[in-house]
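Below you'll find a set of structures to go through.
Both of the next two complexes hold subunit A, though its partner changes from subunit B to subunit C.
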Partner chain A sequence: MTPTRKGTIYLSEGDVEKGVLDFMKQALSQGCFDAVLIPTRVSAGDSVAYSLIRDEALLEGASPLPPIMPVQGARAISSITRRGKRNKIIAAVVRPCEARATVELAKLGQANLEDIILVTVDCPGVMPLADYFRSAEDGDKTFRDASETWDSEPMRPVCSICDKFSASGAEDLHIGTLGAKSGTMVLIPSSGKGESVLSKLGLSMEDDISSWEGGVERLTQERKQKRNESHNGLRSEIEGIDRLLESFSRCINCHNCMRVCPICYCRQCYFDSDKMKFNFEDYLTRARVRGVLKVPTDTLLFHIGRMLHMSLSCVSCGMCEDACPMNISVGQIFSLVGDRNQEAFSYVPGRSIDEALPLTTFEQGEFQEVEQSHSVFSVKEKQNG
Partner chain B sequence: MARVLRLSKSPERGVRDMAKFLLENGRVKGVLTLREVGENGAVGYSLISSADELEHARPLYPLMPVNSGKWLSLLTLRQAATEPIAVVLRPCELRAFVELVKRQQGSTDNLLLISSTCGGVYPLEMALGDNVEANLAQYWEAVKQGEVIPGIRPACKACDQFVPYTADIIVSLLGNKDIDRETVMLLNTDRGEKFVEGMSGQFAEEAIDSAAVERIRSQRETEKQRLFDEAEIRNLGIDELNKAFSKCIGCHNCSKVCPICYCHLCFFDSEASEHDAVYYATQLERRGSVEAFPDTIFYHLVRLSHVSTSCVGCGMCSDVCPASIPLWAISLRVAESVQKAYGYLPGKDMEEGLPLTTFRPEEFAAVG
Partner chain C sequence: MGKRIGVYVCECGTNIADNVNIDRVIEAVSPLRDVAIVEKYGLLCSEAGKEFLKQSIKEHDLTHLVLAACSPKQHEMTFMNVCQEASLNPYLLQMVNIREQCAWVTSDKEEAAEKAIRQIRAAISRVRWHVSLEKKEMDVCPDVLVIGGGIAGIKASQLLGSPDRRVYLVEKSSSLGGKVKGFDKLFTAMDSGSALIEKEVKSLLGAQNIEELTDSEVEQILGFFGNFEARVAKKGENGERNLSVGAVILATGFDLMDPTGLPQYGYGKLDDVYTSLEFEQMNMPSGPSGGKILLKNGKTPESVAIIHCVGREEKGYCSRVCCVYSLKFARMLKSQLPDAKISQLYSDLCIPGKSYQKFYEETKDLGINFVRAAKTTVTQNTKAVAVKYEAENGSKGELAVDMVILVPAMEPSGDTNRFAEMLGIPLDEEGFPVAEHRLLGPVASSVEGVFVVGCAQGPKNISETIVQSEAAAGKILSSLVPGRKLELEVRTSEISETFCTGCKMCISVCPYSAISFDEVRRIAVVNEALCHGCGVCAATCPSGAASVKNFGFPQIYQEVVELVR
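Let's look at the complex of A and B:
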């Protein structure tokens, strides 16, 4: 097979994390960037947090491919870039879905990617927080074993049906491990920024990376099928207002799904605003309509409102599901809705920074079938016919 | 001596019947209580205005999907109740509501407050499927014996405030051997007495047995000390805090479900709490590294300082924490010391001013 992309085969020692860290250290010391934003083990050792690191020695504590995603990396990038810039080039090592969410946030004006080099690594998924936090030690082992064999069983449900676990176009530089020969990683530049890192390091970009490409292609097809099957099954469980209501019946209205979502960036959600506080008489009137009013009110409306607002940019990262205290399959439901909405607009969130957000773009020719089926003219035509 | 109403049916049935009586006789226009809300066993608070809908009510179901004190605040925030409403809630929910009312976040006008001696609630994670349902028999047996109930929220195991203070009607549950066939309701206020007047049941003047309450209280106290040890929060120095909050993901859900945290916009969600490029660059220069979200412990400390005078130990914070941090223990431990220092028990007395709004010339002489 002939490779379709440019890339470098990079010799690495030890496991993936060590390989990635060695490469990042080399690039940092060669001045390819000024600092690295990367998940780092907290001092207690039982979690990771995004840290911005300038000193090569401090990178020792970093964990480029941790077993969990306590915070979506896009939020970390947004946090350090949204309020001004200092002309320091920062390489951000994030997972593919975090890179895609970052690109969406940049389009929404919530992150500035000018001085950011997005680096992603082939992603085996992350474990649900609850599973990992039961015992970090056991979690580390489970994750290590599963990622070696690309077994997605212990991972977040949305990770096990993720078909965008590799280079997606969002990143500047991708590090491929899937299908790479032992003792090697594949470095794939996806932008001018990525290429300049590799050329600064004097690495050729003409290596044969077809073995990685083949590995990615195989797993992508497998996952696509799995995603389809899972979505079809889920669809029959949630379709229609009654089933949807039932799916969210346990919701306690805490809105934590929204707060950990990388796309939901509003400082004040409409559903937390004064607009959703009513007079006592309004509540009682609503109760009288059916004899009963579930409180807090409008829980399903919140989820539908959120879907409308973020589903075109939803990257199926699964943060929402991990943060839900009621174990609602909110991540899987949103990934299904997201896929369908995105398909309607032929939009893939995070694929390219140059691709405008669907709702900000008007195309004359689009959705003619919707126009036709709903126009007054066609209704009249049908009546006459 | 206290005024008591006895009904010859189990308490859940008894409370439901009383609610029905109140609705049907127009004494209240609505009942706020737990109710089945889905086919898969979900239970949530509902405002019920039709007596027929009470069939699905589960007034004493051992689950707290939201601290109803918080929800009652929302119900009466913009406008006090214009019609009488009966509310069935747990002692800690009632205490939280009282604290909110003191903060002008709601009103008790027109509310008939019905509470009970409380065995506690199961953690929210058990709300899946029929997990709670499957444990109900065991739950009520332990309530009857006045024992600490296995599997309930740690905050509930450690709770020594299981007798409500400001309720109009108190359903006696803990240590009541006859709860399979009898509902015993203490008519705690004239108001409570007036609302149930004419209801078919046995009214009597009885002496209250406080020995059982004391026995349960000391059991819970022992359990609390054990749980504090288990959570390793005896000394909350900077190292312990670092360790306790190391897993925090910064979602702030503890504050969102907390009945006392009522701020519309928390400082830590505000623009003022965000760091600019200069901050990150300076820290990077000074220390070689900086966390993307550096204020995790700061957030928790500020929250503790804001809520600790009024924390009622309901345990909502722990229950929704995605990182399972024993927040209830940390909060309660701090709250107890703060409340002791001020001689204040949150939710005990509506007339008692909030400690920080009350100045006494003689207090804290030791501090200066």
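Let's look at the complex of A and C:
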């Protein structure tokens, strides 16, 4: 277990959303930041969107912990900060996976965190869009009930195996609810920015928050086990080129998964570009070689390309799977591939802004086992042996 | 005009002809689209072969050329020159290595033919997508910045200064001469170091076009081989000078390892424990004691212990000159204090070289006590300094002496890290700049146009240092000729403004620091003068924005499709 942290026990009335909003209102009115980026119900009431709010009164309509995630918060933060600082401080209230993706985007030069205070809340998960939109009213109730008991059943499949649903180091300030005594939340600063918010509000940071820590630890262990089991099962379904082809055989090349992915940051996806459009004769050649060619071509190559490009930064948010019209388990597959790749580099996306992207660093002695297993000598030895 | 591709198969004497059924290859390749001519030839790289090729290119009015022959490493330049002579853009040539990659790795002539056909087909497919590229040349500045005014810097400057080449010799202290200036005697001739340096510095005054910048620090170096910009500041003065130079020689020398970090030697705590450099200074006629070897209390020592290899274990390397200069110390002591008892506590004597053995034997004959010692410690006795050690046979020994001279390891000078960072040169495990090649490129660094010489590069004696200075000067004289232009790599990387999204991954992986970030357009930009076309950026860029000319997606894709189908 991580060394015991200190934080603030914050008294709150009503549900989690109200508690978070009360705190954010207080902090905005005390000048801890100039604006708040936060999910807000759309006027029809059946969906949410990120809103940049400067007027304290308008925070009332915000929904800090909505049942769905139509847009990944990292994309929202990237869109407003990509062009650098603006000397106004914005507090962004996002889910932990959104905060982690934001840190990855900052490393990739697609977001600037200098003026951003990332605020995260213990996350019960989000529901698949399709489930929620069958009836928003029922969806709200299902979500409310499930989040109270931390039942992940109605949530996105990757949410139900998420083991990074709480403070992760990516955020500046975390709001803990899990295991907190009723009528209270815990505020845990993870950076100087987070501390300065609490000290500006005159809040002590020396409260004992061990009951929250215990709650998080228990669920983390439970989820880790579940994640392992789920990944092991999935692995046997997708391992090898034939099974992988099968897993993506329903794909209709809409590339929605790429468009909603918080990490896919290319200005234009290579697979959408003209570079992947070949001459008529090239297609004929390929058809002649195999006797048959599925068109449009390179469906699996697109997914493998995406795995290659973004899996080291994949935060398992599940946006891709939610956006897939063909119900392909793309989020689960990417979370499995992501975990394995990240493990190989001992890299945790979003853990720290100071941790360099694995592909940009070289360590003498890394992957020697790979080098050795592919060296000419070992191949010869195998042949001889 | 349509494409007219010429395919020539070289028999390479019997190398290829004996192992590949070339006639079958010709038959298979001839009907391919755009192929204007397929011919075989005995030895294309011979004078007659080159002439044949040149005439054939012209005769058949070829637009692209595929040569199935040896490795491009061996003869690509040869055949590019032939193309040039035949007025065909040399970048429209693709070589196919059917010798090393085909003829030499099989004994089955027919299978070899199959493979060669595949390889040639792939090359035809790829060369179709090649574009003409133009050779690029750049004006260069022949001037040289030499950092460090010790013997290494002085000797390099002497060779480099000429009417058409200015040398800036930057020294951070107030005068030239470096460490050697402080040596009263040099091994093995026992002549004066300060006199030697004085002569060398004088000869600089008479030399042409050498500017000495003493009391000066190099604060920044930007640019690349042929075009560096250095910023130099003079101590105590406002304003800086910006110097344009084509090459940089780093001759920043060494420091001695500070023995206070090794408390077993008592340095800094006991009165009469000195480092080798302090002992050298004591012997200088211009020094505080007027060249007399004296203890702190003003008396002359009756016994002296010289302890070798101080810090060798910690450093992990031998400083290679200490044994010999310790012999020199024994002689200096004996000549001033003939009755003094002198002990050398060594762990391994390292005295190679044609004059050193004699020097050792003569020194030994002076009655010097040589002790092979381990686990040496220095403590204070009631009257003298106690040197305790373990002898070779394991027995414990102890010497009571008046003076101890420690011989510490030589380490990179304190500025090394700063310069390495400034110039982008990696350091080795010992903290010295890494040479371009351990054996083949000892004075060049990994950065083109930057040379590291003398003790800045590793411990060495004066003549070894001068060899390096002269080597670096020679490299500069032959590569940075005034008035001559520098030929640049043509197949460089280019970054598409449309696709680049400014993630800077390419910048962090480029080994040549050839990519920079344009803050206004928020995209990465390649400096073609620095780019070597290695392609690491292209492999890293997820957007496909970076690619190397004629090694881009279309060329490689077309090549691979043909290879695998």
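Here is the rule we go by: the second predicted complex is superposed on the first by the 371 of 385 C-alpha atoms of A that agree within 3 Å, B and C clash if a C-alpha of one lies under 4 Å from a C-alpha of the other, contacts with A are read in each partner's own complex, and residues count from 1 in each chain.
The rule is simple: a contact is a pair of C-beta atoms (placed from the backbone, for glycine too) under 8 Å apart; a residue touches a chain by one contact, two chains touch by 3 or more.
The structure displayed is predicted, hence computed values, not measured ones.
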item	value
Partners on subunit A (subunit B, subunit C) - clash or fit	fit
Subunit B versus subunit C as contact partner of A:His309, first or second or both or neither	second
Contacts of A:Arg267 with subunit B and subunit C, given as first, second, both or neither	both
Which superposed partner A:Asp55 touches (first subunit B, second subunit C, both, neither)	first
Subunit B versus subunit C as contact partner of A:Ile80, first or second or both or neither	first
Touched partner set for A:Leu357, first subunit B, second subunit C, both or neither	second
Which superposed partner A:Ser160 touches (first subunit B, second subunit C, both, neither)	neither
Contacts of A:Leu129 with subunit B and subunit C, given as first, second, both or neither	first
In the superposition, subunit B vs subunit C on subunit A residues touched	B
Minimal inter-chain CA distance - subunit C and subunit B, angstrom	10
Subunit B and subunit C footprints on subunit A, overlapping residues	83, 267-268
Parts of subunit A lying in touch with subunit C, wherever the complex brings them together	83, 108-110, 265-268, 270, 273, 275, 282, 285-286, 289, 308-310, 356-357, 359-361
Complex contacts: residues of subunit C adjacent to subunit A	498-505, 508-509, 522, 540, 542-544, 553-554, 561, 565
Complex interface listing, subunit B residues touching subunit A	29-30, 32, 35, 37-40, 42, 44-50, 52-53, 65-66, 71, 74-83, 85, 124-125, 127-128, 242-243, 246-247, 249-253, 256-257, 264-265, 269-271, 274-278, 280-281, 284-285, 288-293, 296, 319-324
Subunit B-facing residues of subunit A, complex	35, 37, 40, 42-47, 49-55, 57-58, 70-71, 76, 79-86, 88, 129-130, 133-134, 245-246, 249-250, 252-256, 259-260, 267-268, 274, 277-281, 283-284, 287-288, 290-296, 322-323, 325-327
